[in-house]
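Just so it is clear, A, B, C and D label the chains in written order, and each chain counts residues from 1 on its own.
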Amino acid sequence: MPKKQIRIGLIGYSFMGRAHSNAFHQVNHFFPSKYELVPQAVCGRDAKKVKEFADRWGYASTETDWKKLIARDDIDLIDVATPNNLHHDQVIAAAQAGKMIWCEKPLARTGKEAEDMVKAVAKAKVPNMVWYNYRRCPAVTLAKQIIDSGKLGKIFHYRANFLQDWTISPELPQGGTGLWRLDAKVAGSGVTGDLLAHCIDTALWLNGDIADVTAMTETFIKERTHSETGKKQKVSIDDACSFMCRFKNGSLGLFESTRYARGHKALYTFEINGEHMSLKWDLHDLHRLQIFDHKDDGTERGWKSVHVSDGDHPYCGNWWVPGLQLGYEHSFTHAIVEFLACLDKRKKPTPSFKDGLATDYVVDAVLGSAKTRKWTKVKQVKR
Amino acid sequence: MPKKQIRIGLIGYSFMGRAHSNAFHQVNHFFPSKYELVPQAVCGRDAKKVKEFADRWGYASTETDWKKLIARDDIDLIDVATPNNLHHDQVIAAAQAGKMIWCEKPLARTGKEAEDMVKAVAKAKVPNMVWYNYRRCPAVTLAKQIIDSGKLGKIFHYRANFLQDWTISPELPQGGTGLWRLDAKVAGSGVTGDLLAHCIDTALWLNGDIADVTAMTETFIKERTHSETGKKQKVSIDDACSFMCRFKNGSLGLFESTRYARGHKALYTFEINGEHMSLKWDLHDLHRLQIFDHKDDGTERGWKSVHVSDGDHPYCGNWWVPGLQLGYEHSFTHAIVEFLACLDKRKKPTPSFKDGLATDYVVDAVLGSAKTRKWTKVKQVKR
Amino acid sequence: MPKKQIRIGLIGYSFMGRAHSNAFHQVNHFFPSKYELVPQAVCGRDAKKVKEFADRWGYASTETDWKKLIARDDIDLIDVATPNNLHHDQVIAAAQAGKMIWCEKPLARTGKEAEDMVKAVAKAKVPNMVWYNYRRCPAVTLAKQIIDSGKLGKIFHYRANFLQDWTISPELPQGGTGLWRLDAKVAGSGVTGDLLAHCIDTALWLNGDIADVTAMTETFIKERTHSETGKKQKVSIDDACSFMCRFKNGSLGLFESTRYARGHKALYTFEINGEHMSLKWDLHDLHRLQIFDHKDDGTERGWKSVHVSDGDHPYCGNWWVPGLQLGYEHSFTHAIVEFLACLDKRKKPTPSFKDGLATDYVVDAVLGSAKTRKWTKVKQVKR
Amino acid sequence: MPKKQIRIGLIGYSFMGRAHSNAFHQVNHFFPSKYELVPQAVCGRDAKKVKEFADRWGYASTETDWKKLIARDDIDLIDVATPNNLHHDQVIAAAQAGKMIWCEKPLARTGKEAEDMVKAVAKAKVPNMVWYNYRRCPAVTLAKQIIDSGKLGKIFHYRANFLQDWTISPELPQGGTGLWRLDAKVAGSGVTGDLLAHCIDTALWLNGDIADVTAMTETFIKERTHSETGKKQKVSIDDACSFMCRFKNGSLGLFESTRYARGHKALYTFEINGEHMSLKWDLHDLHRLQIFDHKDDGTERGWKSVHVSDGDHPYCGNWWVPGLQLGYEHSFTHAIVEFLACLDKRKKPTPSFKDGLATDYVVDAVLGSAKTRKWTKVKQVKR
């Protein structure tokens, strides 16, 4: 039986363009289904570079104008892997063109932008997914399964952080290609939209909606040189952000992110404490899940370090054998696996743009609270 | 040369009475100095039990009325190891009697109470110390030495938590002997004064004063049976408390404590992130200090786990040999070692009652903020 | 400039066929060079299954007779991913046909077989590599770089083990497809050739040749049912093997492998202790290298856990960003990267068949010593 | 009820004299029983130093001739804490004097010496114990309890090592006070009797008798300066020793010790692999036991790190509260607790001199095998 082709048009060929492209191939290789992902076209402003990328990754053609890409008939799905300020227009155009859409996280710079995008895909009725890839690390998915089983009992606490240290040097420039994450106009915010957004998405998935928040942000280095103009300019982003919150299920939340935690490269961790069981995860050892189970024999209770690589662990049966770990990139592959499974069953894929909007609403509340220094209600998404 | 005796009168013979008494003997055995600690008298309300305690721990005599104990001429130092509501009166009486004083933490239930106590010892000019023992875990002292050396550079972040899980069961009663920690009238507060106070004291010591805070508390179980009356009554304490803050040095703080974190028995951890170096500690493995040093060779950088048991580590030379770890109780012994060293050099011992007051002010601000849901300034102690 | 194509003919499409095929694609995607790896043909006995594999992995054609595959003109390189008993004939035929050759480990069932293969490639002067992939885990390569720098000083100890637990159940059958590892006639031996061979190869690479050994083997379960015939038959392999040895550099070695260590799935670890520095690695967390450096400040010495994911760590710059870990499969990709680099510089690729022979000689000595219960000299390879 | 006094005469006041003396006091403080340990007299050759020690530790009197100490009527128990070459004569004299005896490990320099000692205590019918203190670390005792419960099923593997790094420097002198461990005449052997003896004792306790061994020793530094004479002399001890063995229960053993493993101060670890469960322990974190339990739910299996500090963990109920760890010294206290419990129940205390002899027989076999380079049977003790 011939496979159903999904012809992909990718916009953006930088870090995320690479991560996504790798996933397209890996899905075909490791998760055979009735779908075949076809790298049909890639789009970027620099014609030479985009051609080079296309050659390397097997894209059949290239574009330098994303509007043209979206207009093409031979594209079934638009994958948006561009800086945050471009998501809004690209997604809406793609929806209007009736394409399926994948969009990098955060969905948008603000809840407002994200609302437009949600409306656009709802109106167009196109399958959509936002790339909150960490949901699909096998250990995180395992955590979700255990939580859904009810084994944890009543939840008391949820805490997460995302700590990095790459902007400590005052010599680091900002703005321009590759450094747009330090430009609030492009990125929307600093660590809040970039790092905390991941923590928030996972939290909403694992522990439900957040009711209200109180937040604190800081910009440690006030001025930086622009990477292209060479001029000193004000730093517009938040270097660090932490917030406390209450979840609707009555549990308390604590979140922190920073790019000034010396020694941590990409330390995304979360922990959830339930009445009967607790779970912990750490991106630096993403193939492990820590479990404490109070029902274990009294003198033999302890935190268990589960090496998530067995055949019956999520996604792992399609890869290697027990004990052989997966890495970062596999989370993208699994995101697509879930998307295709939903497509097959005519279910709405997740994390959907609505899920992305929910996270953007929390980000809005967090940034707002940091300014007003007040507890702030989070706008809720109907799902 | 005969040793100078310090005749100790201990009030309270429960958990902390035992921890202190052990330290008295251990100081004499492992840290010989010109002082000799003499367990002169112990005081408690139950004459039989206090006699039993005295016999076991080598106290020469007993009292059942603490006022009588304080009035005795053959006592040089009063050690207050009673529930929090008794500290105020006992300390003030001891000061008026001209005794040296050690007092269990938190110094008092409120900053107001603590102020009186600070005034009393200032007026009486008696050496005083509050038992924030964790400062004297060798690994924590090592952290202090490293921070004081300036190796960390500018500090960006400080975070600490103290997580327990012993009150999760709704069947656990409250109030009465042994359970006074669940009675706000006696304890002052719940986890804030009991657990966070430790985190705050260490933080002030390592990272300086806190300017303002915003806090959140929760009481998960609203009613419990009284351990003695058997009647249901409202739970008056905070089961969980977290707060965010700004230190005066510009760094951001994040603190959390709870007795509802399944799997954690007494997980007191702190982490400090500086420009050049970061440090982490964990009470569950209190003999280790984690160090990340950015000046290490580029490809060989990583978190170092230092087994703090070498001869040149703080206090360790007086105990065993490298690789052989110390435990919880040694922190009390070292607290006295520091006290005696100050006595010898006619310096003011630390953590002093003023230090205890500073922590109580933070506790006040935290509890206040949790009620008002507003950022709250911390009252400062002149030191 | 058009790339130089290397047209690959793969024999075997099972676990290792998949691992290799993945690497072919990943090399093209992540390590662009002047070479392009082309999956030209795959060979297996079951025509339908091999076709399915070819479709999934992009092989242009299939064969069911490996001799035909080797005879084809449009194949530049033969990749042998078959059970151990087939390596000898396939490699020799490929050499005689003038193909470049990659061969799964262990090179052969015995040193004798391996000698023939080494002679064949020497005579044919074809580039050759044996798939000891663990050399190419970035953390292991980093260990090699540090050792080569001389930082360790004189070496005293080397220890390694490879512990699994998948054959503990007496119900597990043996023999037949997928279970040939339990059949000594096919595999050559049990854990010695399968698991210890990995440990030995890394050891020879990092610490030089082994002079002599004394070994112990055990077969815990004496009889198993054959997976296809259903008949009980004697177990012919070693379930566990450990040996002690002396390296030529004067250091002592200790090795162990087993499939009966409950709780370990694929725990391959090594540790090397030098005068000034020690290194440890563990396949279960393969993205980390543990380093102890005696030159660190006295009170700050400890084992460092290096997250090997920085841009300047081996191979890592071509993948993601710091903090984002790689997994098992990347070791195969890097093995090819090294092969191509040697091809480009007209150097002999490593680990070569000679290296494979050296490991087989150690395996021979180990298995011999286990039988004679005597210290046994290891036959040396001239390199 | 007045307590039954046990008046102790301690010989040796160095490291072990201190460790034992501390335990005497701690037993009285933390483990009240019908016995009271009385530090009656301490003996050492240097009158001034021994007096100082007596004063510090509360010994009522001193001796400088151990024969006089043993002859005293007011001594019930002789505690031998001297270098290994003195154990034989002191123990035999104490037995002949009808004293209870505690003797530091190893019991003797050779099995031959130890046999005499065992005979002497058997003839005198005096309670006796050898100080293999690590049996009494709560986590090790917990391991024993779990093993005795049968939960592990059939045992396949036992491995242990004791790694140090304090003799790496060629500048370190040997011989004389404090350095007798480097003098084979005094110590009997190097790491084998000093470090491996601990590993062997625990192994025999947890896993039963060892049938035969094959061993390897090495002396890395051949000459050292004598600490007192200043003369260069041959190094007589083994710097490193490893051995493989078969236990009588059919499991395989692997042991290693060295003082040349850079980065390890006193890394005594053991691991036991059973059919259903595995256990691991590490002296560097002695308050933890690692447990892998195959009966856990399939996707939730992992190594559990048990913080051995709960009230129902061995010995822990007498100390602090859950989460607060014990240290090295407590193992000595618990050794006495067990001794007194046996005394009370008129049972033979363990580890007895017979147990000490059993370990010495293994040490003999190991040292013998290292010389002959042959598998060597271990002489068995009837128990």
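Heads up, the rule we're going with is that a contact is a pair of C-beta atoms (placed from the backbone, for glycine too) under 8 Å apart; a residue touches a chain by one contact, two chains touch by 3 or more.
The shown structure was predicted, so the numbers you read here are calculated from the model rather than taken from an experiment.
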{"item": "Common touching chains of chain D and chain C", "value": "A, B"}
{"item": "Chain whose Cα centroid lies at the greatest distance from that of chain A", "value": "D"}
{"item": "Gap in Å, rounded to a whole number, between the CA centres of chain D and chain A", "value": "55"}
{"item": "Whole-Å gap separating chain A and chain B, where each centre is the average of the chain's CA atoms", "value": "42"}
{"item": "CA centroid of chain A to CA centroid of chain C, Å", "value": "36"}
{"item": "Overlap residues in chain D, where contacts from two or more other chains coincide", "value": "264, 301, 303, 307, 310"}
{"item": "Chain A contact footprint on chain D (complex, rising order)", "value": "142, 145-146, 288-289, 291, 293, 296, 298-307, 310, 312-313"}
{"item": "Chain A contact footprint on chain C (complex, rising order)", "value": "15, 19, 21-22, 25, 28-30, 32, 56-57, 164, 166, 264-267, 283-287, 307, 309-310, 319-330"}
{"item": "Of chain A, residues touching chain B in the complex", "value": "156-157, 159, 165, 168, 214, 216, 218, 220, 240, 242-244, 246, 250, 252, 254, 256, 258, 260-264, 273-278, 292, 294, 301, 303, 373-375"}
